[in-house]
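In the two complexes below, chain A is the common chain; its partner is chain B in one and chain C in the other.
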Partner chain A sequence: MMRTVLSSAFVFCFASSLSRLRLPGILVVVCSLLPAVSFAERIDLEIYAGTYDSVPIAVCAFPPAAGERLKKDLPWQTIADDLEFSGRFRVLRLSERDTTQLAAENIGITIEGRYELTGDTLTMECRLCDAFSQETILGKRFAGLESESRKMAHRFANIVYEFLFSERGIFESSILFIRDNGAVKTVCCMDYDGRNVRALTSASTINLFPCFADSGIFFWVSYLKGTPDLFKGSLRGAGLGEPFIVTKHTETSPSYSPVEMRLAYASSEDGNLEIYTCDIDGGDRKQLTFNRAVDTSPCWSPEGYNIAFISDRTGQPQLYVMDNEGANVRRLTFEGSYQDSPAWSPRGNLIAYTSLRNGKYDIWVITPEGKDARQVTTKAGSNEYPSWSSNGSHIVFHSILGGKSELYAIRPDGTGLKRLTDVGNARMPDWSQF
Partner chain B sequence: MTMIAFHRCWGKLTLSLVGCLFHSCTYFKSLRADVDTLARGVDTLRIEVRELNVRTANLMELVRLSRADQQVRLDELEKTLESMGGAIVENQAKLSKIDEKTQALKQGWEERARADSLAKAAEQAETQSLFDVAISDFNAGRRAVALAGFEDIVRRFPDSQKAEEALYWIGECHYAQKMKVEAEKTYLQYLKLYPAGMKVCPALFKLGQIYHAAKRNDERNAAWNKLIETCPNSEESEIAKSRMKK
Partner chain C sequence: MKRRMLIVAGACCCCVLAIGCTKKTTKVDTTPAPAPRVSEPAPEREPAPEPEIDRTSEILAPIYFDYDKYNLRPDAIATLEKIAPYLRENSTMRIKIEGHADERGTDEYNIGLGENRAKSARKYLEKYGIASKRLEIVSYGRSRPVNPNCGEDESCHQQNRRVEWVILSR
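On to the complex of A and B.
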């Protein structure tokens, strides 16, 4: 018996989420199809998803219902890539539905769909189905430009991920990074999977330390005015950005807390680099550290109460944590001669950082209590500057593993290493919220 | 000539004989005197010997009596020794029993001490474990859960090493959840109970922050002045100084 999951269809404005990524405003109709999920099947699906470390799923190519055929950015491939990247699926890619193969591979659920391409308008239906009864468990319809096909696919992958695991997926997230061309370093943005790279700064100067904030805003350090200053920009357009904190001193390594709605950064205003915080308009500045050492690279905890930072107050740069008012300073790392660029997992349980040991930089993780320090990257190459995905499932970092500086993603347990970029000079990544 | 010679000789001989005789008489007299003396001496000696005999007899008697006495004493000693020996054996038996009991008691004490020590170590391990979980919850943003964890430690193990820190972090849980009244109360309780505690500096600082936000400037200054005085080299002290300048 067919039952609707949602009580009524609704029009979902896709433009608001797409526009922050400089895509034209597109009205996308997303409505529930007629999912036919009986109570018993729903329970079976939950058991199915909970049974496996990697949930077996088949992604079948979408046939065109009418019109032209898609030639690139095939959405079913994007969905399959997304699910595979998550590390929680064992994906079987099929050019068409094949029951024999499904049975042989013990596949219980499939992703199927169809599309219609007319001109540059794409309409697509995506369904999560029971592999054998072919009944639709979850269905969504998308409409937009052909160039939006990847976005639609990412959206559906997120919907499936959240449906199965009750947590948000990262497939619509973005990564800021620096393209290092020597004297000119540009802030760029890309989709989480390395696609859709675009420059966000246009000034021919050195730009460093990009950092996502809220509502399409980001901060970075620019030498536009001659000294390292903090600038503020929008993901909606490339440009010079606007000066945020510009002084004759050094301002560097910004980090934003969406919970506290404050920016932490390092400044040499006091004579040497100390940690400061201010609100998103630059007001209410507070100095948190007061000592002769270099205190830098602040990083907020996810709930905004603590700040991890690097200090050489004991002679070598080590990782410390303090609360957001500068009290309760405690040291976390005691091994390795040089630590840098801490990044606090959105799950709150781990801090990733760069550590120099035996002449090599690698990504390590440690608990906020300073316990269980563990090496994440083990391959050759210099691996630095970690940043967490919004659900804490992956870490992006830059590495010269392949001989050139590229961005890579890895899971905190060291598995699932994947190169994201192929630009030759990518550095300093920062992963966005969902 | 020969008669003269004979008469001379006989005269000489007679003279000699007379001389000898005289000499002998004298000698005999002296001998007699000597003999008399000796006799007297012998008599004396006899008397003395008799006396000595008497004395000896007396001494022998004394010795005999003494020996008898000693024998009696020896007998008594022997008896005493025997009885002492018996008593010793008895005491040894008792001591053995006492020793066994002592060993048993000692073992019991050691086991109890070990058990106490284990219990104490187990308690310490448990409180440490509870504390680690609570602080991990706090750092992960699970304030309410962390608060319950810290309160559990303070309630169940008030004398443990971790109770002091747990009380401070109860204050932090309140502070982080912006429950300033509860936070103030907890920090004040902490400072009262642990005036030399390891978290005095941040507790005074946070107290000052609470007063600062509530514009209770006199109380803020009091808290921060105490902070500066108590923890002059701390980070919190430097922050307080800079905030008070503004």
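On to the complex of A and C.
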């Protein structure tokens, strides 16, 4: 299997593997002074990654240097899981490097590494390698607690993904959601892959509709003060959240725009649910809709110019878009009698929403111009409440397709359905920024 | 003087106790076969003793709605026609009107539907001259069904499409 040689690629890779500043002139001189390194069989990553829809990659188990063995949360498995989840890799998992298999599967790059575990301290070296020359293309060293092994693995998977595709990976992202225990509904957070579930609210009340803002800040709706009100909390703070907008009317359905740094929400202070926006401190409130219909479920477009929302101004809840001041209202959906919960893809090209067809709720997508409405979920169960990953690759939603309410991920083309949670009562997800 | 103050103090204590005991939301439903609703005590209080039978709670019965609708049906109006004069008589009573939807809608839109149902009930009572400041509104959407997991059972779903009444103060 011939690989083309590109000396510039070699210089780049050599520099990356040592994590030094790139000074091409000096490095070229350095390279030529080195003992002979094989220039043949050198992979050109750009061509390799671009050739395949699913880039073939092998992930080999990391041997322990000295000390104890990891028993669970094996980092190379987490890395393999992440790369597989993205849908852009064909991952071969190997217990050790095996050139026959690599050749048979046409694999040009591998993930290899090693670790040392002493007490609860873990140090780990992860490398992206050329499959045949075993040259390190890029390598990182991690040190921390054993309990942070998943975090390290997600970090390295993101580094590899970004290196190969020049875009950020989602493997360190989180998902907010509600655990529904009937009279008590709790805001929870978890890693995007369903691990590390933890409760963020403790009040014995109904909490709904959590929504990420920036820097670990999040909003949600709580009945703590008697009616649905907006509360604000922080993933980083020690506190349990504080009232944000509290009135005797309904405040509901928060949605945050990081570009505008404003929150959109629905409030009935004007007599019935209308869409409002306010700044991150709850000030500068603007009312955007003025009618007797229920206007609710606002969702910002990624660049902050527009807001998708649901209105029953024609008698039943349909999907609309308006600009961020409430003008240029246009209706998007004309099929199906009931839509809710729009979510605008961060790529800008699609809006996901819940749609009722033939007595069943499913996730659909439509363009912001109201064209090409397409069903995404097709399996059993009520499938509702979509939220996008921040690179637009996946949609998370809640479903009872397995009998109990859990969160699932799916790609907008309907492939890659994967259950994320195993808690029995997960609903209303919101996917974080990277 | 002292004795009179003691009597007054004693009477006040009895009143407070009486109000505390009757500040319950236990209702006896007279409409066809809904599950009796047990009141939930406020979190910081001790569980209350058995509530005294309060005939007035028969009047504050839930009213029910059709699927995806918030207009008042004849059976709802019949119940409201008993509630309105009752509230006129007890002219200082304040109530909370809770609007609910069944589980077949979606979470966000159903907050609006529940609110519309509560508003329908409030509008009717206001037409009878009940001041709106005595009538507070809250929507629970589909978050607090009387019967969860109804599946295909229509009469089960019907019990969830309701407005319920909570006495805030007498």
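Everything that follows uses one rule, which is that the second predicted complex is superposed on the first by the 387 of 434 C-alpha atoms of A that agree within 3 Å, B and C clash if a C-alpha of one lies under 4 Å from a C-alpha of the other, contacts with A are read in each partner's own complex, and residues count from 1 in each chain.
Here is the rule we go by: a contact is a pair of C-beta atoms (placed from the backbone, for glycine too) under 8 Å apart; a residue touches a chain by one contact, two chains touch by 3 or more.
Remember, it's a predicted structure, so these values are computed and weren't measured experimentally.
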{"item": "Fit or clash between chain C and chain B when superposed on chain A", "value": "fit"}
{"item": "Touched partner set for A:Ser149, first chain B, second chain C, both or neither", "value": "neither"}
{"item": "Partner chain in contact with A:Pro228 - chain B first, chain C second, else both or neither", "value": "second"}
{"item": "Partner chain(s) touched by A:Leu288 [first = chain B, second = chain C, both, neither]", "value": "first"}
{"item": "In the superposition, chain B vs chain C on chain A residues touched", "value": "C"}
{"item": "Chain B versus chain C as contact partner of A:Thr136, first or second or both or neither", "value": "neither"}
{"item": "Partner chain in contact with A:Ser255 - chain B first, chain C second, else both or neither", "value": "neither"}
{"item": "Which of chain B and chain C A:Glu369 touches, first, second, both or neither", "value": "first"}
{"item": "First (chain B), second (chain C), both or neither touched by A:Gly182", "value": "second"}
{"item": "First (chain B), second (chain C), both or neither touched by A:Ile310", "value": "second"}
{"item": "Minimal inter-chain CA distance - chain C and chain B, angstrom", "value": "20"}
{"item": "Intersection of chain A interface sets (partners chain B, chain C)", "value": "none"}
{"item": "Sites on chain A touched by chain B in the complex", "value": "287-291, 301-303, 305-306, 322-323, 325-329, 347-349, 367-369"}
{"item": "Contact footprint of chain A on chain C as seen in their complex", "value": "40, 43, 68, 96, 105-109, 111-113, 115-116, 119, 136-140, 143-144, 148"}
{"item": "Chain B - residues contacting chain A, complex", "value": "132, 135-136, 139-142, 172, 176, 201-202, 205-206, 209, 235-236, 238-239, 242"}
{"item": "Chain A to chain C touching residues, read off their complex", "value": "182-183, 185, 204, 206, 208-209, 223, 226-228, 248, 250, 252-253, 266, 268, 272-273, 294, 296-297, 310, 312, 316-317, 338, 340-341, 354, 361, 384-385, 427-428"}
